[in-house]
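There are two complexes below, and they share chain A, which is joined by chain B in the first and by chain C in the second.
Presenting the complex of A and B:
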């Protein structure tokens, strides 16, 4: 899985979690919370959807890794590759 | 005891056959049912009443996703009521705004959904949503309204089975009279068709309606009636002390004349006509009225074989001294049983009678059950009457809770 593909999977989840948000111009290197209206409950939803849709577990200690799309890709891509 | 006068100044509703009072009333006067076949999880298709309001009129998509169906119904109705009332909430002291919503039940839908969800993951509870708890706390629908409105006064639900819609209004009047709030946003709501459990429960009780034509499934007083049609809905009013309403030049739909809430203390499910009659009589006394003052009786009758007969017996006993009986009707024949919303929604369907002097009928009565044949029934087509100065609204519920609410024409 490429970094871009991983980011797209995260964006797909966010589009369901935050359906009012315009996701067409999300900057990959900026914290998601700084450019979208996401709160801690929304991040719990993202974690849940990663678990449900992709069988990916994100331990609480690693939630910080989901801060931006770039950090998501860096953290999640190896997990997706390990499942492939 | 002389009570502070309480009046209705705004109405917001969603019913299976209308999302505004005008549309709903039009349906009630033209025989338009809101019942259709609906897919029920694990059970196939059953007659049910679903509402067709647009939740996004007052909520963001995200709030709809996080919240509950009952919350969306509540927010829609509360916002519609406020708009109808002409109240500018932003100019009010929001700490003096109370939200009081009657519910039959809440949380079944959300719990069923989560159990169903984890069934797809071998019942592993790590797939159980963190949203489950806020969705299922009993105050949830009222809390969603307070979040949406930014109102900071008391906001909670009142669990009272199918008597709850009336009791939402009654409780609001009490809080206004106590001076706890200056504006009450009150009524009843239900999301019940979203849960298979209520269908399965009534089916196991042999009390779930069937008919080849779903629009005829809910047929109180009909000889062939065979049970309840489960529906969702909501009806929320703005209530104010009369002096406050007059001071701002409010439109006044009617005045709360009196009420009673009592308990059968006899059975979990079966009603008690003696206590029902007592509830009506105590409401009349509370209103300072006699049976001669009542022009419309809106029945609770749910289309069950026994319950309808017992309510008819109770009403006949109370009004037996009347030379000319009040007009007696039933709204569930159009919309099914909207559970926590029933009392409030059924009252709303009758309030326009103060203006048009027309009583909406009970529809679907092809052959009147002789045991329900009491004087005054308005069957199958509307009836024009000479006087509508007081409407008596019954709502009864499981565990033997009864509520009667009397609304009278407002006179200065």
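Presenting the complex of A and C:
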């Protein structure tokens, strides 16, 4: 899986959780929290949707890794590859 | 695992139980909701008489914010339940009013209106009022471990005019206080935001629209629901809810049990029963409500401006258990035609009035007395309420009247199962939802997030906090 494909999966999840957010111009290197209105309930849902849809586990200590799309890709891509 | 074992069992298919069920089912839990009645919705259910559809509890859905406003309870619940805002089809109110004999305050879904009213009618209080509003805005009202504090004690630090104090408390208490005379400050903040900083709305077809959306989501997520299947007993073993005995005597088991039945009601269900705990935290505030259906909308005779009117005529607003059968000194008027339905309207005119009522008196009547008293009080309640609306001749109302209905503390008991017909449940809320059994949690009214939106958020929060975050499937 490429970095871009991984970011797309995360964006797909966010668009289902927060359909009222405009995701067309999200910067990959800026914290999601700083450009979208996502609260802790929403971040928890991103983690739970990753598990539900893709079987990817993100332990609580690693939630910080999901801060931006770039950090999501860096953290999640190896996890997706390990499953493939 | 056998067919009668669930990851989670939920007691009650009201707003909170359905919301908890949607969350759990969406994330793959095997979940079943047990509901004693044949209709969902609990206090916010609906019924039909002679082809007319009525909502039980709903005057207005509070917490309304327009599309695009984020970070409020309505937005949170839509996201958490994956509901598109359009599905609720919410229509905003026109205006509401707090009406006391010598003063009235208008408020709308735009907070600036109430702020200006307070500033013009209570100029000396404006500074304190604005500081109170700032405190409310920044207060963490959804904290699950906050210590209870008196709302009156806090408000008194900002507002010194008893009339303004009473006027602010009147709607807040009527729409959610299970406590007499005072509220816990966190509860006050929830309601202040829900009513004044956010606002009122209603779907044209009433509460059934919201219930239908919840039921559809729950079904699509794979949740199971058993109607006419109440939970009679919660069997305790080794500090856990080990099994549930249903009304028909059958037994089911679940890893987790969430009860929306209310705190004392749940304590009484436990086997062994926790009667002392139940008795020490049972609500006593109940309501009557009159409903009049008219040929024409009330706007035809000049009742065109107000959506909700909170009225009171006593020197100090006295939110206590009615000493008589009904306390007509204060109450709430709802004119459901006066929401902005964007060109559409209800098929008939509706006029609803709520007052505090005494459960004990109503519950002891014979059927014949009950019917007679309903008629008698109907007239008294309407007479009291009409003092706060534009004057209209009796004949106009009589000629237009198509049907009436009235619900009493008995009706509240029937729909909610609450002891004493306690409309808002127990006076002391259990914020973190924990009970003496480690896998039994409360949600709904007695967890303490108020209103319809609050009820749904309560179910969501308890499902997240006790089950999804800890047992990630």
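In this section, the second predicted complex is superposed on the first by the 84 of 84 C-alpha atoms of A that agree within 3 Å, B and C clash if a C-alpha of one lies under 4 Å from a C-alpha of the other, contacts with A are read in each partner's own complex, and residues count from 1 in each chain.
Note that in this section a contact is a pair of C-beta atoms (placed from the backbone, for glycine too) under 8 Å apart; a residue touches a chain by one contact, two chains touch by 3 or more.
Note that the coordinates shown come from a computational prediction; the quantities given were computed from them, not determined experimentally.
J.: One more residue to check, A:20. First (chain B), second (chain C), both or neither?
T.: Both chain B and chain C are touched by A:20.
J.: Go through the superposed model and pick first if A:39 touches only chain B, second if only chain C, both, or neither.
T.: second
J.: If we overlay the two complexes on their shared chain A, which of chain B and chain C does A:48 touch? Say first, second, both or neither.
T.: Touch status of A:48: both partners.
J.: In the superposed arrangement, what residues of chain A touch both chain B and chain C?
T.: Residues common to the chain A contacts of chain C and of chain B are 16-20, 37, 41, 44-45, 48, 51-52, listed in rising order.
J.: Quick check on the complex: what are the chain A residues that touch chain C?
T.: 16-20, 37, 39, 41-42, 44-45, 48, 51-52, 57
J.: Under the touch definition given earlier, write down the residues of chain C that touch chain A in their complex.
T.: Listed in rising order, the residues are 27-28, 67-68, 70-71, 75-76, 78-80, 82, 84-85, 464, 468-469, 472-473.
J.: Show me the residue ranges of chain A that touch chain B in the complex, using the header's touch definition.
T.: Residues of chain A touching chain B: 16-20, 37, 41, 44-45, 48, 51-52.
J.: Spell out the residues on chain B that touch chain A in their complex, using ranges where they run on.
T.: It is residues 60-62, 65-66, 121, 126-127, 129-131 of chain B that touch chain A.
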